[in-house]
């Protein structure tokens, strides 16, 4: 076995680096998930996670990856053959589409170029044409992890409201929660789907559904078969701080610590920090003369930045070189972007110097790989960060 | 907050105490689940877990609790309205029944008294009457965590074979794997369901389906909707050591260490150790003049021992007293056994002295709670353990 | 490499088992020992450790074992050729004697039988005969780790006071602090020596000198060469929370947590717990028909119990057998007690069930080794512990 | 309490960042330091540390800071009033001088400007004038942590040999070992002093004396009082893997892991890595238009770089600003350099991106603090690092 000196730079857009405080919180003996000590833990995390989603409604915690929470959102609210409206914002929207189809739902996919967020007007227009209210749900990805484009959830809510259409509004903010501003109640989202390994700074293994009264009402009629994902059994047990089946106890230890850390820093401060790092990153990309994938300045992700390589240059080769020479992981281009882009994660437990080390790794990698660019990206990011 | 001096005795039948080696293995930075380092980890655990199940066929690893793995076994192999045969061995068999019903399956439940394992002859008899082969699957719980009774899986296999019935054979050994002898291939099981937090000595959060060719063939026709649990996508990704969605990376670190520890000790030695501790426990119970729930000596569980209290004595009051005075968690009576029994877990990372501390806690608890009994149970267990 | 299932029983009289909370507190990144964050840590532990010693005077913390703190006590207060009075309570008193001799001090050793504490009247008598006040210091071991006998420090103080002799009074409570009642100020001790790996529940690596004004005054005239151990440089730096050379930072993290844990439980509760476990242990020894080394009931140690084997039986063989068969470490007979006794540590982070597991290991070991004894020791200890 | 997002940059010249692997190795239960398991640990680290010092002679391991190991080197080899020759290379040489004086030795101090290493010719010249061989030892600091200047130990050895003077040669490489090339045997050093918290990547708390036959022979006549530091008792116990008093067990766990990591990477590779990072750092300093303290290119330290600020600028204010804004610790100017320099540590468990983050923190700090400089230092370091 070989070691690399120093700490790996895990700059993919999730899993993000897990702080020592959280790893240590998890590194504790398992307790009886039916005992009184557990109830305190359960109630603490169930209450705390609501504050992170900014909701007064229940949040369900699954021992599952984010993909499981997607499935849960659908099977709890829909029936076989139901029609849902989705928006092609990138690879993860595409995967959600696939998942829904596998479950027997009819998916309508508003096409997109993977360089913009979901279009509120396109959604509204489609809903207006849906006279019979066949569309049961609108599903949007808040922060597209494959593109670095953020959809404007508040605007989409208003656009839906303008149509008076009764469809449920479901949002995936797996990679957005606790990094990008998110307001489940204020934005009238019915089911928000999220996961642990991004802004919450936890290892992967638990995921979330934030609910609304409307979603809970629909759950009563929904006929897709469900058991593991069933909100009803969850909420019944959660009322006293327990879970209907064995929860991922040690991740809940970590979740408690993560919520504490986020609240001590303050969510607004957390969001501002991510915006500042994202801006520094974009300035570096611009200085290099490269193109950011996201085309709408109002939709730049605070979580990650996706960079297009010039034609004829393979982004996966660049990433491999950077991994080998500088011990840094960057995100690959996914789906139709494979080989054409790389993604810089700047979320979670990082700081200015981590970010500058990251950008330095990219800039040196571009040089080593012979990708045409101007030096000076790190310099530009430093100028920005030193200024404010 | 208050501390109790010393280490809590977690003597429930799972989650079992997690060894320091495993907690420390998990307490490591998350890595890129799409990078080359991950593939090594993935391949190591996917190969290793097959040796623990004693199978040459693939084992699927879910980021989910054991309940999820139950659901996975059913949705991958069955279609809406399919008939399955289950055996009422206790509370977990009952829950599996409920789960299957929720998914739209027709469950036939061979009744039981919760004091015996599944009856091979009763199963064979029912299959013989199933001329049209309506029954698609026989589902049995190997080690009933609610009763401490182990079903004889090899005998059941032979009984099914004698009927020539083509039903799939599915077994839940969530609390049996890596504590009780188990042989997926030799016993011709089609889907074995298990979890991490028992004999594998891990925290809860991942679970397993061990497969057979026959199960894989059935999966092609099965029409229950599935996506998260879908074996197909899993096996395709697993081929190169990866997973189709973000895995619970840190639990996989722990799984690698657990497999290593089990193999260094030797599975046969692990099984013998559990049998020895179970025998010592039963001798203590006998010396106390109390009754072990399991009535068939051939079916005593090596994992846990369930003890009946005399009429008029509340087992939950006893457990609460033991928790408060001696900082030990014991398992509660579940379902129809609530308040009538308590369960002593003697599985996983324990040794002779842990077991004797455990039995001492029970014996002192019986005295403190005024439960009629003879002292001398610990003495008897010591005599047994010192002898061999 | 081979693993033993379960957790080793470390029942030597120190190092004692380190609680997970303390190991995790230590498992954190090192910080700049000259930076502002360190000052907070330094001030917290320097203030907290005074409460544990029950003193208003300074306590010096060395990166050193307890032996170093012995040396520090002597070199800060004495000059070459100075006469000191020590009491032969056991092996550690003998080692302190040797150390003092190596440093060029003249040691007078009041002989003892290793089965009693230091005799207040013998000390007083010797001091009365010291007309010219040649004796500069009286040095006593509070809790003799080699014998399980505790000297009565308060009585010795009164005996010294009665003589009006001005000698310094130095006490080693390396294995007593935070397990046995100890009162530096009330008992008028001038220098108390202690270490981390016993009642403080830390790994070994730091040790202590608690001081008095009188000791500080003597330090000004003392002429034994000193630099590393010099109180002056320590106290000057400690005033602002720092140390004159690099401290053992991670052990200080642990110390902070240990002080917190002791104060949440309450020192009086901690002392009572140790007394209760010691009494249970002695009752077990009595039930076995074996002899406790300590002959004076007023001097039984709450920290450890030393057990004499019948003539012709080798205690080291017994200990080896117990280690191999039951994975428990017991303390060996030291010095002239080698092979004749074994020592049971019952200090620090243990509880009733740990103690009973420990006693069960001893009782089974006696049986396996063929040491003549009556069974029933564990039974007797259980009866005692269940009663109160 | 407030948290800072991300990981603190600990870029002082020691303690250096402790790798997770080492923290986890230390985060394990303490074992019986008199038991058989300990002997394996003791023998492994005692053998391994010799390979790091490049010596066939014994290395003594103290539970103490590096300062203790300095004291040990002197008290084991010298007698009261002995004359030693030291060289004023900086603050740590000055402290060693003070320590020796406190112990009653006569120190001759060859003056220096803190910008050069010890001068071989000056040493030789002084020894030549010492006709009566009054000088018992020559003491040199290999890597002056206060200045970033490395003395040429091999050259000094040759210079001493040329004089035929029999003085012992003692070297402090506390901050050099395992970062800068060091050869105890080849360079004929009699006592090498080192510590854990620098190139060995451990927390502070253990320190070392590497010996020679000549040093061991001198120890027999040396008359400074000693007990804790006595090599004789140490070597006697070490022969079987044990220690004469309780060792810092958990740091020994870490030491075993550290030696393993260094040997897997290869010491030559480790040294080359440090040289490369030092060169990158100096290029950055040069690009900023600032001055490196070390004036002799042959004596640049691979461990740290000390940077002079322009007249009128306070280095401590700069460091404070960088700590507050960028969460990075840099080393202060010590002794007569206070406020005039800052020190960048680039030792131990770091990599290219950590170093560039570090240099970015410095460059932004210079800008924020209004210190006159040219931007472009990071750019220059990147150019160098990307090239090779």
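To keep things simple, chains are lettered A, B, C and D as they appear, and every chain counts its residues starting from 1.
We take it that a contact is a pair of C-beta atoms (placed from the backbone, for glycine too) under 8 Å apart; a residue touches a chain by one contact, two chains touch by 3 or more.
Just so it is clear, the model here is predicted, and its values are computed rather than measured.
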Partner chains shared by subunit C and subunit D (touch criterion as defined above): A, B
Selected interface, A-B versus A-C, where C-beta contact pairs are more numerous: A-B
Most widely separated chain from subunit C, with each centre as the mean of CA atoms: A
Distance between the centres, which are taken as Cα means, of subunit D and subunit A, whole angstrom: 46
Centroid distance [mean C-alpha coordinates] between subunit C and subunit A, Å: 54
Approximate Å spacing (C-alpha centroids) for the pair subunit A, subunit B: 34
Where subunit D touches two or more other chains, by residue: 7, 17, 20, 24, 27-29
Of all residues in subunit A, those that touch subunit C in their complex: 20, 24, 27-29
Residues of subunit B touching subunit C in the complex: 1-7, 9, 17, 19-21, 27, 261, 264-265, 270, 273, 325-328, 349-354, 356-358, 360-361, 363-364, 367-368, 375-376, 378-379, 382-383, 385-386
Subunit B partner contacts - residues on subunit A that touch it in the complex: 7-8, 10, 12, 14-18, 23-24, 26-36, 62-68, 71, 75, 80, 98-99, 102-104, 195, 197, 203-206, 224-228, 230, 244-251, 323, 329, 332
